[in-house]
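Across the two complexes that follow, chain A remains constant while its partner is chain B and subsequently chain C.
Presenting the complex of A and B:
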């Protein structure tokens, strides 16, 4: 390809992407969801600047103080500032959400692509394992994995990734099964391209749209699972300010200090809603067929 | 029909097999032996060895697995290390506590979600639809246990309408059932709505309308029946969700169900109990899926057996 053709190609692609963005953000849901995610992301990045206190700074004389001047969301049983802890907690939700989903995306895509591309006995084996994994309840299985590995943030991320890749595998396999029969893939094969090149350069980019949608909708699920596990004491350990862990310690003081439990949960509702709205809008724009 | 049911049952075997392998393996490969828990840190090596032998932990892993499965088939889930009681007995005792919330939550959820979903679909893009779907969006974005905490604070601590913890009377049931039922209704209502919308777009609905049938008849006689078929499958999926969520809710409302048993056992490293509780919970979920598959085939004659 000449340089000129390459440039033209790039421009065309850029134009398509700009059009896609314009179409996406014409959607009110996408604008709202996207803004929420962006703001919370800023909160996570600039946590040390925004939080008035360190997340583990104890101040016993000030414990269980109601929201008000100085501590806008009150203090917990160690006198720690709830607002600061929640701000730092944003980092954990994002990290766990993206890492857990990212790893399961990787596992699921590889397995799904192999099964869909090669078919035959390999497909039979991978699909069998995927179907079994699919029928397991994610939260319960994650609990058992964490029980075995020992409760910690890293182990929780590993457990969540191990139990939730099957959705991606099923999706990618289905995509590859139909792409395999397409003319451009057949042509690539006739030209003698190697499998790896066909898979990565030709098929994967064409299977991407629904995968991106699923990823966006899996992140909020992972955030809720993280909160549930940490609430049970199986995730982030004290003094890590995971929202679920804050609610876990707060539940013992629900009567006298409900703010400890209420505000982190509110944050979860907001972030999960943001991702859900954005994911729904993304689906409507990228792949209207997926609309449920 | 029978053939279909049998086929579905046979297909469950690899799943159950996989399940027992996974649960067995991860708990046996976990660092820290349950023997430490029994003998304590000051035991002599001889005592340690004896206990290991008596628990059968000195045998190869694969042998241990087959013993585990053999006992399982006999209904023997092992013995709790901490309480020295049969795990099966402990689980049976707590099963009703978990199931009563689960069953009522499922009933609440479907009783709310089906009418809401249908009304939202029939009046698509109306204010009613937006209102219903906005509530549903909040519902699906809310962790069940957090909703439980809010209910607990408002209606038990503040207003004193319901007991703070425990179980036994219907008053103890109300808050956990609302927490599980409402959040679940949100998911279900969204799916009922989309299922209904899909049916309303079909040709035979247009035919029914063009025949001059009243809109009510079209909806109730023609659309509804077909729209509810996918909802049956949903029922099976929701059972899993509700049982999974029961673990956190039992902690919030301090109910001595299987979920609570399992979490307590995890912290006590009482692995036979974790294993048993996990197996029973998952078995319920798989049974729910199976039931849904069968009901689905009964409801929709187009399904090939």
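Presenting the complex of A and C:
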């Protein structure tokens, strides 16, 4: 009996998760989105292996070369290989996307959980701040923060996190408000559990599904904001190969060398589409009720 | 008098009603208004009344899930309403609660075993091995197979879940369990099983129950004493048999008459209530039952009845029994 009892959690968890994955990947969109994300992730991880040149290797005689043999996506105004720069740029997009969303997820979840669980004056204050943060356009506010902090990759991530946590806070607060009245949470209180245990063991796991979905849908947004800010010169500084920055440098040569801007632009479309399709599929699987 | 495990004295729970335009308090819903009762060790008190009369609120206020405005809840002499956080948790070990909806009472993301072991863990019960063993014992106490320990709540039926909830409550060796409509959500056949189980456990562990229900037949079966609640107030209290034999308050009579009889030839004068329960916010003067009472007198409109002892531990709040 003991062996059985000891193994049971592992077996159960695995069974549940495997079933979930099977269900998720039965969805065509999930397969497609997941594959795109996975391939781009590999591109980011193995960038030094895949890229034929260094991202900052200048070769002035070869500048503004059209796509073809040797430089499959052409070269920019300094003769740098556009393909190599795009491959390295994948790293920037993933880093910024995950870090910025990760930080706002953390801030938003903590504040939302506190507001939803304790209610009262604390909720009033946190909800007020959240609503104010929510009402600002993200890109605009990020520009203000970056302008104040000075343009750099780190500052951009910080700015994006400060700006975009409100969505998570609102979502988690709402989840907690409804969970707080659930009988199993009341039962936990009657059983003498501490607030911390109730929040982390009983409420958070049950609030997580929509949070995961929101996360996958926030990452592509963050990637777009990153590209926009870098395009405006407020994010990654040259020669860092952010897709937005590459597009910006290419805009002066749009007539002579359109490939410099076109290909990073296409990459942004692909990565955002990948995340959005995957996120939508995830939502359909985790919460069938939300399906249109 | 026998030792009482719980004495509730003049418990009041009022919810403020805010104005529609301005958030200012315009009145109170007196959900529980001056409720007193007592429960002896290993004894069952049935608390009956129609929906919205404050039964559930009473139960929840007793263990401070809802804040009470006034009154005392004395558990073995200690007033629960006055305890600090530390002491409160200590007392909660002795008082457990079973909820109406067994589907909502278990965390859907925890296996049954984990849910029971967690309770043991937070009350510092032995090692992990010991807790597993105890969880297995507990689940057998409620007449379920150990195999259920690895299941998740959604894999179980309502009756099975209610047993799990009971096993979880038993994990802390409570002396009193507040049962808030524990069988109302179950099928009739399962109701009987659960009620019998509750009875067995009471005999075995000497647990007292506060059994909140609107179902008179269930309450009659289980309870030693019964308190009838109407609109936030207890209107009649008596031993179970006495109450069914001699219902005194007009409301209790109407309530008993509403229980369907299985004898088709039995023709009796039925007291039927008209109208709905009046709003809790608009309580005027007098007896709160006067708007629906078949025996209403002049006096009932402006004077609230006192509790009158009609003998044999049978207490009624009604002017009909007033001795001038």
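As a convention for this text, the second predicted complex is superposed on the first by the 284 of 292 C-alpha atoms of A that agree within 3 Å, B and C clash if a C-alpha of one lies under 4 Å from a C-alpha of the other, contacts with A are read in each partner's own complex, and residues count from 1 in each chain.
Here, contacts are C-beta pairs under 8 Å (C-beta built on N, C-alpha and C of every residue); 3 or more make two chains touch, one makes a residue touch a chain.
The model shown is predicted, which means the values in this text are computed figures rather than measured ones.
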Based on the superposition on chain A, does the combination of chain B and chain C result in a clash or a fit?
-> fit
Considering only the touch criterion stated at the top, classify A:206 as touching first (chain B), second (chain C), both, or neither.
-> second
So, does A:150 touch the first partner chain B, the second partner chain C, both, or neither?
-> first
Quick one: chain B or chain C, who's touching more of chain A?
-> B
Does chain B (first) or chain C (second) touch A:191, or do both, or does neither?
-> second
Should A:183 be classified as contacting the first partner (chain B), the second (chain C), both, or neither?
-> second
Does the superposition put A:132 against chain B (first), chain C (second), both, or neither?
-> first
Minimum C-alpha separation between chain B and chain C after superposing on chain A, in Å = 10
Which parts of chain A are in contact with chain B and also with chain C?
-> none
In the complex, chain B residues that touch chain A | 14-15, 18-19, 22-23, 26-27, 29-31, 137-138, 140-143, 145-146, 149-150, 152-153, 157, 190-191, 194, 240-241, 243-245, 247-248, 251-252, 262-263, 266-267, 274, 278, 281-282, 285-286, 289
So in the complex, which bits of chain C are touching chain A?
-> 60, 63, 65, 89, 92-93, 95-97, 99-101, 104-111, 113-114, 118-119, 122-123, 129, 132, 136, 146, 149-150, 152, 165, 168-169, 172
Could you please specify the touching residues of chain A with respect to chain B in the complex?
-> 128, 131-132, 135-141, 143-150, 220, 224, 227-228, 231-234, 244, 247, 251, 254-255, 258, 261-262, 265, 268-270, 272-273, 276-277, 291-292
Residues of chain A touching chain C in their complex?
-> 1-2, 4-5, 8-9, 11-12, 182-184, 186-194, 197, 201-202, 205-206
